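In structure tokens below, several structures.
Paired with chain B in one complex and with chain C in the other, chain A is shared by the two complexes that follow.
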Partner chain A sequence: MEKYYRKWFWLLIMPSMLLFFFVIAIPFIVGTLYSFTSWRGTYFAGGSFLNSFVGFGNYIKAFSDERFIHSLVYTSLYTLAAVVAINLVALAFSLMLNNIKKGVGIYRTIFFLPNMLGGLAMGFVWQFIFQVVYTEILFSPDGLFHAEFLRYMTQNTTKALFALVIMTVWQSAGYMMLIYISGLNSIPGDLYEAAQIDGAGPVRRFFKVTLPLLMPSVTIVLFLTLANSFKLLDQNVALTNGNFNTRLIALQILRTVQDNTPPDYGTAQAQAVIFFVIVAVISLFQVSVTRRKEVEY
Partner chain B sequence: MDKSFFIKRKIANAIIYTVLTAIAVYTLMPMLFLLLNSFKSQSEIIRNPLAFPEVWTTEYLTRAFDAISFPRALGYTVLIAVCSLVLIVLFSSLCGWVITRYKSKISTVIYLLFVSAMLIPFQAVMYPLMNMMDWAGLKNIFGLIIMYAGFGLSLSIFLYSGFFKTIPYGVEEAALIDGANIFRMFFFIVFPLVKGITVTVLILNGMWIWNDYLLPYLTLGTSESKTLVLELFYAKMTSGQFGNPWELIFPAVLISVIPMIIVFLFLQKYFVKGVSAGAIKS
Partner chain C sequence: MQKKIKLKAMFTAVFVVCAMLSGCLGNKPDTSQSQAKETLYLFNSKGENAQQFKKMCDDFTAETGIPTSPFSVGSGQDALEPLRTQMNSKNPPAIFSMQGLKELPEWKEGGRVLDLSTVQDAEFKAIVDSIPDSMKLSADGKESYGIPFNVEGYGYMVDKQMLNDLFGEENGQKILDELKTCSYDDFTAFCLAVTDYINTSAAQPVILNGNSYSFNTQKTGLAQKLNGVFAFAGAEKWTYGDHLINVAMNAVFPDSRSAENTTAAQVDELKTPFVAYAKGLDFVSSHAAGLKAAAKRGSDLISQANFGYDQSIQMYADSNALFLQQGNWAYSNISKVNDEVARRSVFIPVKLPFTKDMIKTGKSVEDINSSIPVYVPNYYTINAKASETAQKQAMQFLVWLYKPENVQKYIVDSFESIPFNADESINIKNSLSVSILEYMEKDKILGAPYHGAPNIWSSEVVGKEIMEKYLVKENWSESDYEAISSFAVDQWKQMKNIK
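This part shows the complex of A and B:
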């Protein structure tokens, strides 16, 4: 049987391998090489690839570019806030839904719905909510209650960060909730009974039974929210389009090209390589840490 | 159990339902806005964003329908999504199957290659990729399909091979002895066994491809053949220089999200299952 599969092996993996090389592997290698050159997108500043070699020049340029550094810091702060908020909200949703019997399906559907609707499209709607509804109606001096912080959120660097968090929690908590729900469902009920008989209250049960056994789901949700937050683009484009110093790193890489004349693709590519290294390191580190916290039962 | 336990339980339940309902209303609010404001003029939207429209008119909807060339954009979006999903399912199921069936160093290497590619953000490949596509004359719908197929592979192969590991190949051996060839065996015997994973692969990739903005923006740009998201983007950007024309944006957003809402409402069972299953497998 092994032999039979071997005979067909290369033919069957060929389409995937070809696509993989042309769409991911080759551009990735080429891109990494180009990040060491003065590449202009359609041509090389030095005439040819070999004559345009600038060593770590683009990387130095990237790290001395205030906008790039700012986007790194801004993205990290956003990611920190979003990961914590989305996780807590999603966990709260799933715990509440796990405690009721009637209507679970309808709540689940409603909470998940925003996820289907695209970051750009709903980002436009949220821009309106922040600019008109929050600013003029809900939180204006003669509104529901006066909160200056919640007004003009898309026109201020710090406030826009929270606007992004508000919107992305609204959009992705429902998705992460589904993962937590399936995690909760896989915890055997007799463990709770045993804990209850031993005299553990609800808080104790949550920290001693639910949370440790939920760690596999926590790993997945952390992994997904970390990656999604770090790579966030659509909502950023829709809400502020990077104005008022609100570029996240994905948007910064896109705009670096337009910030410079002639378009500096070499530096943009160096930024992209730095971005890749950060994403890879964080993801691997996070997975290895949470894996260790998972318990067997 | 004593009475106070049940009373406590009842109060707790009431609190949970109140909170859940409040959150559900909050979650639906932006969509309600979207709906109400799609029937209002610019001045009415600004004046009274939360109220029902004074007159229910489809004037703004029809205008937005034309502004984003809805039928054409929908057609392109469906074409791109369907073709790339077919390619992803076909290629990744075959690949995931054969690398779990033929166990060797090379298949492990290929598996790890695909899995580690999940760590590469799109930004790290986009500029050289666009260059290559331009050079190959593929900065069009066809090229877009190829790229989506390529980007969708990693996760899908990962999901498929995880599942194939759990099914023994006894059935396949029997089919082979009965004289089926490898493709017959795969499509009639193996493929139906992994329907669940196929649903997950379709949904996880479909949601992303349908709503994606960056790849169509880089590939198609301002050309005639735009996807829905791209039409929406340009409708906002080109008219937004002098303040936001909400009377165009709201109906345009509404029209562009309706197809997805319809699909979701009909297939929500699969969405819920797909997302949870995808998470557990990974």
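This part shows the complex of A and C:
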């Protein structure tokens, strides 16, 4: 088999390489070049690519735009909260399911199901939940119990951030749980036995055995949640549409085009490049840090 | 040998992938002029009439032999992104639609839109020349970039039967006529009396234009369902950001062109009309109906789940509210909920507390408060970068569409729209469109200067500010009116970069 793969290696990876080249690499390079021009979506403002060259003008414009800076900060806060919450919930689900004997398949399916819903549909469903179920049924003065801070979640910058976190935890925790479950399954049972014989309690076993050996899964889940949180768009559009200063960075890039006449695709493209650099640096840093924590046995 | 097979296989794979991707990469416009009849590509921004638009194109092909390929955006979808994609495609549209002055700079700067005033074709020129100056798609009044797709209008819709049930069959029509021409003060007194009647089943007679009318002594018919005066869509910024503020803008700018070419001093003149706008909005939003009971201004009023567009239509069609500020485009939505209500609905003007000194256009306060905005929402435009043959075919298509029999067949009957050149030969059945025509005949119409304001200023800047800061507040003060007005004026100047 290995001989077969070695022989046909280039042929087998060629379609993927070409697709990557045409669909990712070329648009990325072209996009980066356009970020230095006054590209308007269907034409260059100066008449040609060279005449519309503005150097770092679009980047300066992006960094001097308050809305862009706000969306960067807001996205970072959201990412921080979402990454922590999704990981904790996913890990808790996976530990629970790892310890039950009956109905594991049903629970896995139920926890995974929200992930099947598209971002926009999810946003609209949760808009209804926050505006009607939370506000009028559960937490209103006449509701189950009165909690004003859980009402009108989409009408306040801070509350909306937590509304987004609640929604994305509901959506992603099941998926991340599966990765953690496969990680837990690969930990040999005799290590736990040995630890137990040595007198380690459940908490100690978790921190000294489970967590170190689960680090490969943590690396993957952290990377996925980090990247997904940074580029969240559909749910943001559907839930708040950026009202009450709730534009995440992807929505900000999208709206930069609409906020200007003629549409300023050049600046939007510059924002996208900045966004890419930030996500790439943070993700690479995270992967290298968590990789170092991985242990072999 | 083996190596050769391997190489062949690799080249085949490369070829297949390249062939798959070639469709995505070709973006040069088709400039072939060799064929006598090219395919005419059309871009339709109204997804709601996609089927009817396709039928119209098919009929044109059958009659002229010119093949057509229409592209309609999804219903309710923003049209600009798909249009830009189509423009970058291998077959860019020769006819596309534009929403007016706000979109013109993009296509003009890109050289995509043909100045129709330069066209020599006699039949086509006749159509271009027939466009009234106020409806021309032109920043300077000399050029003309589009043929109006239709005209639209808006105001407060009112169900005639509701007035009959409130004031008796004999007074319903009289009240309606009075409401069309009465002053703002009469109108607000009327609304307060209706509120009293809803709450107590008894109210003092209303006085409109000096004439007194009494409510029915007992609530009957539709009046029993009323719980508020206005069906107010607090979550829809465009209803008060675009449309209501447009009425106030008519105090200074008669049309979009004058708003587009404004000076800072003229924008400053909007300060007092915008105070009137804020007062008017205060009144409307504090007398709003709800789906179950009267609404209170506050966080609930901007909830998409309770006070969105659909819910406001529902409130009006279910007779929970007396008035709904919407346009004739909402007819089919109302009809889906309650066809009877749709067929009985007519417009009365949106009124604001103007004073004579606020108005700079030569109109009187009475004029503005008895007129409704009627304007062109969409234009057919011709792609200046399309081949000469395609441009000629595009003109041929528009000449064909604007033949009187086709205007009736397609624009009126099929698209249920009002043609810009509507006259007595046009047979329109839609009650709201008929109501607009009546205002047009009496020349009681206002313009759409908000189309000439800076892009996103009206809805996404002013509308958003009002939604986020004011509609959530129970009471508004004089300083709130001033703050709203100053914000609107300052933002305009800032966005337009004028001092």
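The rule is short, and it goes like this: the second predicted complex is superposed on the first by the 277 of 297 C-alpha atoms of A that agree within 3 Å, B and C clash if a C-alpha of one lies under 4 Å from a C-alpha of the other, contacts with A are read in each partner's own complex, and residues count from 1 in each chain.
Throughout what follows, a contact is a pair of C-beta atoms (placed from the backbone, for glycine too) under 8 Å apart; a residue touches a chain by one contact, two chains touch by 3 or more.
Quick caveat: nothing in here was measured; it's all calculated off a predicted structure.
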First (chain B), second (chain C), both or neither touched by A:290: neither
Chain B versus chain C as contact partner of A:40, first or second or both or neither: second
Which of chain B and chain C A:152 touches, first, second, both or neither: second
First (chain B), second (chain C), both or neither touched by A:76: neither
Chain touching more of chain A, residue-wise (chain B, chain C): B
Chain B versus chain C as contact partner of A:2, first or second or both or neither: first
Touched partner set for A:243, first chain B, second chain C, both or neither: second
Touched partner set for A:196, first chain B, second chain C, both or neither: neither
Which superposed partner A:19 touches (first chain B, second chain C, both, neither): both
Which superposed partner A:260 touches (first chain B, second chain C, both, neither): second
Chain B and chain C footprints on chain A, overlapping residues: 8, 15, 19, 22-23, 41-42, 127-128, 131-132
Residue ranges of chain A in contact with chain B within the complex: 1-2, 4-6, 8-9, 12-13, 15-17, 19-20, 22-28, 30-31, 34, 41-42, 93, 96-97, 99-100, 103, 107-122, 124-129, 131-133, 137, 170, 174-175, 178-179, 181-182, 217, 220-221, 224, 230-231, 233-234, 237, 250, 253-254, 257, 265, 268-269, 272-273, 275-276, 279-280, 283-284
Complex contacts: residues of chain A adjacent to chain C: 8, 10-11, 14-15, 18-19, 22-23, 40-43, 45, 127-128, 131-132, 135, 151-152, 155, 243-244, 258-263
Touching residues (chain side chain C, partner chain A) in the complex: 6, 9-10, 13-14, 16-18, 21, 24-25, 80, 84, 87-88, 102-103, 105-106, 109-112, 299-300, 302-306, 454-456, 460, 464, 467-468, 472
Interface residues, chain B side, partner chain A - complex: 12-13, 16-17, 19-20, 23-24, 26-28, 30-31, 33-34, 37, 45-46, 49-50, 87, 90-92, 94-95, 97-99, 101-104, 107, 110, 113-114, 117, 119-129, 131-132, 146-147, 149-151, 153-154, 157, 169, 172-173, 176, 182, 207, 210-211, 213-214, 229, 232-233, 236, 244, 246, 249-250, 253, 256-257, 260-261, 264, 268, 271-272, 275-277, 279-280, 282
